[in-house]
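Below is the structure I would like to discuss, written out as structure tokens.
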Amino acid sequence: MTNVLVCIKRVPDAAGEVTLTADAQAVDARFVGFTISAHENCAVELAVRIASQEGSGTATGGTATVLTLGTDDAVEQLRTALGLGCSAAVLIEADPAGYGPADVAREIAAVVERGAYDLVLLGNDAADTGDFQVGIRLAHALGRPVVNGASTVEVSQEEGTADTAIARVAGPDGVETYQVPMPAVVTVLEGGVEPRYPTISGRMKAKKVKIETVAPQREPSGSGRVRLLLPPAQPSAVEVLGEGPDAAKAVVDLLEKLGVAR
Amino acid sequence: MTASDARSASPARAIPATARVVVIGAGIVGNSLVHHLAQLGWRDIVQIDKGPLPNPGGSTGHASNFIFPVDHSRELADLTLDSMRQYKELGVFTESGGYEVARTEERMEELRRRMSSARAWGVPAELVTPDHVVERVPFLDKDKILGAFWCPSVGVVDSLRAGTLFRESALALGALTVLSTVEVVGMDVEEGRIRRVRTTGGDIEAETVVIACGVWSPKLATMAGASIPLTPAVHQMISVGPIPQLAERPGEISFPIVRDMDTFCYERQHGADMEVGSYAHRAILYDADEIPSIEQSKLSPTELPFTADDFDPQLEQAFELMPDALGADGAEIRYAINGLLSLTPDGGPLLGETPEVKGLWSAAAVWIKEGPGVGRAVAEWMTHGHSEIDVHHADIARFYPHQRTRAYVRSRTSEAFNKTYGIVHPGEQWDGERGKRLAPMHAAQRAAGAEFFETVGWERPFWYRSNEALLGEYGDRVLPRENEWDSRWWSPIINAEHLAMRERAGIVDLSAFAVFDVVGPAAEQAVQGTVVAQAAVADGRVIYTPVLDAKGGFRSDLTVMRLAHDHYRVVTGGLHGMADLKWFADHAPAGAAVVDQTSAFTTIGLWGPRARDILGRLTDADISHEGFPFLSCRRIELGNIEVLASRISYVGELGWELYAPMEQGARVWDLLHEAGRPDGAVPVGIGVYGTTGRLEKGYRAYGFELDGDRTIVEAGMGRPKVKNAGFVGRDAYLAQRAAAPQAVLCTMTVDDHTSAAGGKRYMLGGEPILTRDGGTLTDGHGHHPYVTSAGSAPSLGAHVLMAYLPPDQATVGNELAVSYMEELYPVTVRSNDATPLFDPTNERIKGQNSENAEP
Amino acid sequence: MILVFVETDATGATEVSRETVTFARTLAERSDGPLHAVIVGDRPAGVLDQLGGYGVSEIHHATGDGVAAYGGAAWAAAVQAAVSATDADVVLAPGTPRGMEVAAHLATRVDVPMAANVVGVSDGTGADGAPLRVARQVVGGSVLEEMVLPERPAVLTVAGHAVVDEPGAPATAALREFSPEIAEADLVARVVSIEAAEADLSSAALTSARVVVGAGRGAGSADGFDAAAELAELLGGALGVSRVVTSLGWRPHHEQIGQTGSRISPDVYIPCGISGAIQHWAGCASSKTIVAINTDENAPMVTKANYAVIGDMHEVVPAVNAEIKRRRG
């Protein structure tokens, strides 16, 4: 039995040219919509695998609960995660704009302390704010170990010993294996697992789950954001070497000039 | 060298400084159009799209690409059948067959109507059992459905590939320059004519420009000061897979497409995936200005972020219908979009030259199933002034100004969206955008319990509840209808009003007429060159005349009053009045101007044997048969009001149309009622004017019996002579007169209305005419006869149908059958020319039956 | 006082660490204060001269059993000891996975905010008592955020390849070795084993290559990468791909360049059939020269490139390969 809490964030699904809202405080997501950060999609996948009853060798049985801090709009992302196989959802209802990483970690910690979560999974960093620290701050607040940037997470359950989380991280010298006693916090990096898409039956089930809404513990201290700005567009200075295969000679001339063709 | 240098230096990138025609848009419509223009001999065609090819990011790029050929509209069915033929010629059509399944009895009835349309347009189809469906779609839960409409010729197309082939054909002729990733940023109009298209690559001078860019079209039109009244709207679609049952068969599609009509959804195989699309969600509208750029988009500008909440109910319904497939192990929702498509206020495409700017054409709001056909029709229209397939319902000139407003377009399209798969009664009325054009006597009408129907914004009384007492007076002569569908949007009061008018007199509000004047020294020349009838008549004469296109098809039928040597007044139906106005303006020579007077005058009809008595109480003018003969018009005084009276009738009775200034219309209405009271005159609604009155008299109506595919000869409206003066369509008309007709418009009556279930059924129009034993009839054009108009003939005690029959069947007394809701009812041909069934010698209209008439 | 956490490998300070030191030197010059570095674990030979040449006056070297092997919390504890010892106003770390982790642990431990992926300082020096105002990359590098770090020490990481690695005058840094106390709790999360990843399962080849050949959706299918891979081989480089390629399952994830993949900074990057979505650009923007091959001359990758060939990668790349082989005889 492993009860997993997976923390996600509703973020703009920025893909093409990004535009900002008029007050320069946020990305304008009108045309692209919102999504769950790619790293967190993998975290959800791992959470569902660990908690699933059937599944592969990693399955221990248990529950996967999804959590986010956001407004009512973020229910959309919670439902998505429920459709992927999470069985419960918690919304810390607050405007995330005013919440810095320390605020978010504190609010998540309050939820974790109330529940009996053996493992908390987060994304390595959010696709919008890219703070790279909520998981660590959360672990610190909970007094739990944390592994960052895991590609995969498995739970090892052996008779007579405490359950441990085994996380694999792509390090500079190879794949590092961490084994930490649970309860633990792990942040997940995209690439180790292929996140599933929702199924129709999953989506239908998700619709019926009642989402637990909790109020934040206290006023946030803030994110320190002053404003957003777009880097100035660089005028194109591209030199077109030619069209089609006839340009091959020019390409090789250039590669030789740059000293990489020989 | 910079990129822009390289582009301008490269011959492939050179933007031509001039073009014979600029086609904006490289979706299915633009691509088809450049092909057909090239085929018709156009050269120097420049096609521009802001996106890359072959998929520039418009609606074509994410279309579901399936085609069901049956539509209740003949025009759309013709365009679809032509498109299917073209797709097949291009080798991009895959026949899959298709079902429209019914979950309810009400839908089964609608599918029976579907069968009527299929038979009428000659599309093979049958109503089948659930077992038939699961034989071909084994993963469908047959307990969920009652039956289905099976159309084996349904298929899918590769619309992007078709587009590429179309362009290549035009390129091969040396007729076309394609500029992709070039955006139009402006259009220059000088003296009302398009002159220039401004693009990110430079300016192009052109006298003809076609906007064929789907959801962006309104934005482009605005650049030229024109209007293309469509709105981008969301159609949600998901793709679920891999589904083993689908994956095990090779190819893109091997299972029939299923339209789950009652849930407004479809399920269409795409390889191992099942696409589920929906028209059930709330209307989600955009503005053309709001559509993201290619750079701002996640997928493409017309594939917007999916709003899952809106789709959830459909997910459940789709799952219910196909649990084994959509619930298959590993089947995931792999793709989900809010796809943008174009919606128009009346659901029709927007084709033709814009009324605002000469040389600026629209080819927008077109589905994949009609794209190639529309391309051909518009190319022909641009080349010849008319198209082989009549597309007048799609004429962009059809709209009145209020119908082009953003608010109107959004309101109507919101209401229409869920009707995409809905069961729409032929008489169905809109809920929204009502009360927008009110006749001056509207308050009095409301007080009389008018049941208002809307036509181009006008609220028109179809019958008056104040006439309910007449029902007792006439009893079964009002031909009551017991079936709910047959009597929806109908009342027996219509027939009671009809009888009261025929016996006494009726007063009819005709404010919805479109009225325009042709004025100036060349006015006679303008009218003479446009209409078929002799227009060089004395002042004060009224002519009723067809208007033809150059190939001799109907453009309109209307009345013209000559008010002065340099002044004609044209009166035509509200529905196509704006298109008629444009037609006259387009054909007016120098020295003649066309001036819209629609909002200046109201028209009130006073008809019936007592009409002369009633009018006589209000005027001192000589309104005797000699003093005011049939087909004449004159200004007369009704007390202190001057009205233009025109002695004409569309209901076959003695009487006048009275044209009064709009602001005095209410007073005239009241005066007529006061004067008519002693004779028992009653207000009479459009139910009589538009249907029963005219059908008894065999009068044809444009848009029903008359359209671009029909001729004067076939409609039986020929006169002994053709005027010598030239007019549009004269040569074609002369040729038609010299040849044997391929079809003949006939009037029939239904011999027995009794259905198999025992009740009586009344046809509403659109039904196929068959032999007595159900055999198919085919006319000389290869068309199958169908009912163009249907309605009561209370004076005859019969239900009347009109249809074009094969000439050998067009004999009076011929016994045939009409198929209604998949049952045959016997009919007999009563007339094979314009001879009315009621008062065949037109005694009444001449006033001979009136007691005031001279012997 | 500016303190930089420097990541090292056998050759000395890593590339992003050198960039970070360069960035920190500018800050130190503005505040007219000293620039120190802290290294943990192994101390590569020559690092005193190397960092001295970047203006570092003193290197704090943490040694001892607790920090011999990498552990985020343990190494942060070591850096924290150096921060206390130096009373640093600003602590910088490289914007690498380990730099981020150490900085985040540090900021948490001393209970101050942390700014990740900083590319510039717009206001303040960190030493003047005023809040430090920084600009940092967010949304995968496509947006900049102005952020204030009101507390001291200001903790930040410097975005990789956002700053030019620029040595100063030769000098040698002083060395101060120390053995921090590491609490047991900080040692719980530690690496228990390292599998030297097979070359073709690691992104190391990609991030260290001088030449990267990229391939995107334009490859068309899983079979469409042969020519691009051959070109990479001919140039002694590595093959990288866009996110859509790994999403479609055509190539493994470790080849992905971009926001959620590897960030590369080769001498030459040759993206083929890659349109250049921002996520991809975030991973390749630091390439010194970009030669794009694409059918669409308006693709962002083409307009942002230094050189471009307009054409189908399936035609152009084989022709380039043939030309290289022809010249090599």
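When the chains are written out, they are named A, B and C in that same order, and each has its own residue count from 1.
Definition applied: contacts are C-beta pairs under 8 Å (C-beta built on N, C-alpha and C of every residue); 3 or more make two chains touch, one makes a residue touch a chain.
Please read all numbers here as calculations on a predicted model, not as lab measurements.
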Chain located farthest away, centre of chain C as origin (C-alpha): B
Chain pair, A-C or B-C, that carries the greater number of C-beta contacts: A-C
For chain A paired with chain B, centre-to-centre distance based on mean C-alpha positions, whole Å: 53
Chain A and chain C, separation of their C-alpha mean positions in angstrom: 20
CA centroid of chain B to CA centroid of chain C, Å: 64
Multi-partner residues of chain B (at least 2 other chains): 3, 6, 295
Per-residue overlap in chain A, given as positions that touch at least 2 other chains: 15-17, 236-240, 243
Overlap residues in chain C, where contacts from two or more other chains coincide: 297, 302-303, 308
For the chain A and chain C complex, residues of the former touching the latter: 12, 14-18, 20, 27, 38-39, 100-102, 125, 127-133, 136-137, 140, 143, 145-149, 169-181, 184, 189-192, 194, 223-231, 234, 236-252, 254-255, 258-261
In the complex with chain A, residue positions of chain C that touch it: 9, 70, 72-73, 97-98, 100-101, 103-105, 107-109, 111, 113-117, 133, 135-140, 142-150, 157, 185, 188-197, 201-204, 210-211, 235-237, 249, 253-254, 256, 259-261, 267-268, 277-279, 289, 291-292, 297, 302-312, 315-316, 318-320, 322-324, 327
Touching residues on chain B, where the partner in the complex is chain A: 1-4, 6, 10, 12, 240, 290, 292-298, 304-309, 312, 315-316, 318-319, 326-327, 331-334
Residues of chain A that touch chain B when the two form their complex: 13, 15-17, 19, 29-34, 76, 79-80, 196-201, 203-204, 207, 236-240, 243
Residue ranges of chain B touching chain C (in the complex, touch as defined): 3, 6-7, 52, 181, 295
